[in-house]
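Alright, structures below, take your time with them.
In what follows, chain A forms one complex with chain B and a second complex with chain C.
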Partner chain A sequence: MNDLELKAAARRNRNSWILTAPALLWLTVFFLIPYLIVVVYSFLTPDIYEVKFRLSLTSYLDVVSSAYLRSLFLAFKLAFQTTAICLLIGYPVAYFIARSSEKIKNTLLILIIIPFWTNLIIRIFSWRIFLSYNGVLNDTLMRIGLISSPLEIMRTDLAVILVMVYVYLPYMILPLYSVLEKIDFTLLQAAMDLGANEAKAYFKVTLPLSAEGIFAGSILVFIPALGAYLIPQLVGNQQSLYIGQIITYKIKNIPRNWPLASALSLVLLFLVALLLVLMFTAYKRRKDKLKGLVA
Partner chain B sequence: MKLNLSPAKLYKSLNLTIFTAVIVFLYIPILILVIFSFNDAKIITSWKGFTFKYYQLLLQNTDIKYAFQNTILIAVLSTLLSTVLGVLTALGLENKAFKGRKGIQLLIYIPLVIPDILMGVSLALLFNFVRINTGMFTVLIAHITFCISYTIIVIQSRLEGFDHSLVEAAMDLGAKPAQVFWKVKFPLMMPGIVAAALLAFTLSIDDFIITFFTSGRGFDTLPIYVEGTIRRGAITTINSLSTLMITFTLFLVVVSKRIRKIIL
Partner chain C sequence: MSDIRLENLSKDFGSFRAVENVNLEIKSGELFSFLGPSGCGKTTLLRMLAGFEIPNTGKIQIGNKDITQLPAYRRQVNTIFQNYSLFPHMSVFDNVAFPLKIRKQPASTIKSSVLEMLSLVKMEDQHAKYPDQLSGGQKQRVAIARALINKPEVLLLDEPLAALDLKLRQHMLIELMNIHDLVGITFIYVTHDQGEAMSISDRVAVMNQGKIIQSGPPDDIYERPSSIFSAYFIGETNLISGTVSQVHDDYIELKCQIDKDEFLELDSTMHFTPLPGKELTMSLRPEKIAISRSKPRTQDDINFVRGTIEDILYLGTHTQYIVRVGKLRIRVFSQHKRVYFDEKALDWEEPVWLFWHDSDTWLIDEVASDTSPSGSDLEIASPYSRAVKKLGNQRI
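On to the complex of A and B.
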């Protein structure tokens, strides 16, 4: 590189710093620094309204109490169940749309997306109307004589999973669709021409090619599901409290306990980070292996 | 007689069945909500006759009016600011040799893979720590914070996708850098900018949890208002309000399709 080129590169580098500075500053002040404050608050002394600025380790001793560990476990269980069911239902749906004719593809996709654009709280509220004790479902089932007394679905763990799947299903379908849509289905035909039966062709060709979508969709469902607050709060019960609810109660409701909420948030953050690192490593290893096979 | 059903056909009809079931699953609760917004009964139970009563009550409700105004105000402002930040940042990150590229890109991705509730908690504690009263200002800051990662990424993907030979052609033909930018590059970026803005707007009007942590008493957005009303059990107007909000969403879908058509 000559002098002129070096100067131009330096100038471009400086321009990039100038252009990215506002967002960098914003994310530092309102995204990174707040987490430092969470760390600081987790070591303070709780107070029923705010915090006392005196060092304490009580919040970390509290974290390992069985009630909070149970909430953490419940959140992971819920996130896992939601992801698994979304994948099980979402895959055939995405596959169906991807293999539909070009003309109707977009319409089918929009059908999936419209509920996703509808306000979250309204979607949850509509399930309350549908599922409640004297709601539409029970009313209809009783009218046609399928049941004699109303089913109690609202305020159960089943209702929570049902609404979670309802809300997060599009997050699974869309990334799955976008990879399935790109798959060259002549490969599948080729595999079958070479003697693979349909099931074998599917497991050897289509499924590995859609791994990226499965991965993306699972992250998009699992991570927000871990922090679920609104859905368990509106359709769940007080016997199964999820970690998102505990954190919110400790921040908002009196008696508050901000150090505990901070410590629980940090534990959740740590587990999410650990999970992401594990998933990405596994994914990369798989991809490298595939590359190795091709080469 | 052999049944003429190859596995392929079987899979296909199975997929069609699942697809149809999912569409029913996705739309049934919403349809019921819309239908029952015209139901003349205080509690949700069965059908008691057609009425517009709750729509009239809705229009008279000043709390809802304020919540609606707050929601739109926050959505418009956070969309504007996060889109501008998105354009600048995406342009800055276009330079592959940029020394800060990897770090900044990582910082942009992280908020997307962390549960929303944690951003809510951390911002609530930040505002408490620096003694800022929660209200419109803090909600606006929070909304911009969760929108910018999305706007940057959407605009970036557009910048990567378009035909750069057009920009080079303009330069070869002697256009000044400012001309190249405003006459060629910016119009090419426009679909990405519109998509980013629409996404930011939708995210902002939809958000509950982060707003819940960063809004004080007296500053309700619609989702916050609706949640509070459900919690208090005074839900008579929520059906009609929800129906109007769903209509608004459909309106946005149509408008965004139109805008994209015009710009593309």
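On to the complex of A and C.
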């Protein structure tokens, strides 16, 4: 780069600072500072209503105790299951939409977005009505004669997964669709022309080319699913308490324990961050390799 | 040997017939071209050969094997796609190795074959690059290497040079011919560019609206077109309609109306014997016509026509004149050789003589109609005329 170009680049940098300033300010006031408060609280001593301003490490010691570890594990298990099922269902759907004609494509995409128009709590409550002991599902199954007495689905782990998949499926389908839609499908024909049957062509060409969508969709589902609170609370049971529920209880139920809630949140954040860093590293290595930086 | 035989091949898309009743034999090792305007069904025909479309009727044979229903991955036929279709997530090496890996060849064989193939297309030093990092011409070479590595019986090329610039196109054309000579397999080449087809092919099939209009060696099609379409589509020509007035032993006299009650008497040798009164079209290539300010010496087998220069276009290798003769506009190519030139260069609006040998014309047993390129008013093709636009629209 010569002098002039360097100056232009510097100017662009200065300008971009001005442009990002409002966003930075927003993030600082409403995201960074609250998080710092959480960090500080996690080192304080709990009290029945509020906190005592006395430093302590008891919260972190509590986190490692088995009850909370189980909730953490349950949360990871739920997030993992939700992601896997969303991927298994979402991939074929996204693939089908991506290969449909332009008109059908738009209709299907709108159908996927429509649920967002209804409030999440209302949608969860309709699931409760649908799944309940005397609900639509049991009613219908009994009427057809498939079952003789109602199934206990509400308040089971199955109900939680069912509703989780329902809520998070669009977050899997949309990024997958946007990647699959860009794949040049003549590449598949090229693969078959060169001797690959349908299955081989899929695994050697389509799948690797859709990796980016799988990655994005999985992150979009996995991370919010980890902190799930509303769904387990409304359709789950008290035997499987997820970490999101524990955190909420510790904040609002008396005796309160805000330092513990803070510590649990931070541990969760730390684990998610670790996971993301690992995934992005793997992703970036793949991408660099694609660019030929690593031969 | 593995000659290719197409029998009564047709393909419909809904009620639209994209390929109609194609019968052809392509010899093993031949470089065969399908030439026709865009939309005439070339790609569809090629896709049936590759196995991406199943014909509605007809049969495709390679050697004695009927491959009509065989899936693409089981045919000994590989394709160079128009956009190359290199796998973007694989290096050049892996792209070329793909067909061998699919067939689970040992790694050592793969490596040596890939490097050999890459050296054939002069890309051995680029093997670690990714498709994104290659130029159009380089991608083309990789696609060729990838398609040839399995030693197919037939290589299909669908407008392989369309995306390249002129110089590169000419260069790749020669390279393709060299590769064809080296590997010795059948190449089937599809293009809408008559120059490409003429220069590269052993034989050409001219297509229009799903049908094969004419097939044969390039010079045959150029010199002896069987229809107005092939005369017009291959090269440039003047099409003059007329009525046979007299039939002699070795030539006929043709009466051509050029104005309300003005006629031209033209002689032409013939390759079939029409009856007097028959309406015909005469194809007269622009480069076969001589142009001069002064009237040349009268000779028996030379046709003379008097006209006025309407347009002059200097094209470097030659000059194109449009000469108005009655309502005809005759296109003439004149090379810049001193001996053919008058002392002073010809000018706009100048009266000139056009003359050509009887045997330099070609009679087509067809009457130019509204739908044929020359048009009903006998207007002669010029780059600006309606007729050319009609065809030109269909070219890419």
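Here, the second predicted complex is superposed on the first by the 268 of 295 C-alpha atoms of A that agree within 3 Å, B and C clash if a C-alpha of one lies under 4 Å from a C-alpha of the other, contacts with A are read in each partner's own complex, and residues count from 1 in each chain.
Operating definition for what follows: a residue touches a chain if its C-beta (ideal position, glycine included) is under 8 Å from a C-beta of that chain, and two chains touch if they have at least 3 such contacts.
Quantities reported herein were computed from a predicted structural model and do not represent experimental measurements.
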Touched chain A residues, chain B compared with chain C: B
Which superposed partner A:Ile37 touches (first chain B, second chain C, both, neither): first
First, second, both or neither for A:Pro208, with chain B first and chain C second: second
First, second, both or neither for A:Tyr49, with chain B first and chain C second: neither
Chain B versus chain C as contact partner of A:Trp17, first or second or both or neither: first
Which of chain B and chain C A:Gln189 touches, first, second, both or neither: second
Chain B and chain C contact sites that coincide on chain A, given as residue numbers: 197
Residues of chain B that touch chain A when the two form their complex: 7-8, 11-12, 14-16, 18-19, 22-23, 25-30, 32-33, 36, 43-46, 85-86, 88-89, 91-95, 97-101, 104, 107-108, 110-111, 113-119, 121-126, 128-129, 141-142, 144-145, 148, 152, 202, 205-206, 208-209, 212-213, 222-223, 226-227, 230, 235, 238-239, 242, 245-246, 249-250, 252-253
Residues of chain C touching chain A in the complex: 50-52, 71-73, 77-79, 81, 83, 85, 87-89, 91, 98-99, 102-103, 128-130, 132-133, 146-147, 150
Footprint of chain C on chain A - complex, ascending: 184, 186-187, 189-197, 200-201, 204-205, 208-209, 290-292, 295
Sites on chain A touched by chain B in the complex: 9, 12-13, 15-20, 22-24, 26-27, 30-35, 37-38, 40-41, 50, 89, 92-93, 95-97, 99, 108, 110-112, 114-115, 117-123, 125-130, 132, 134-136, 139, 166, 169, 197-199, 219, 223-224, 226-227, 229-230, 234, 244, 247-248, 251-252, 258, 261-262, 265, 268-269, 272, 276
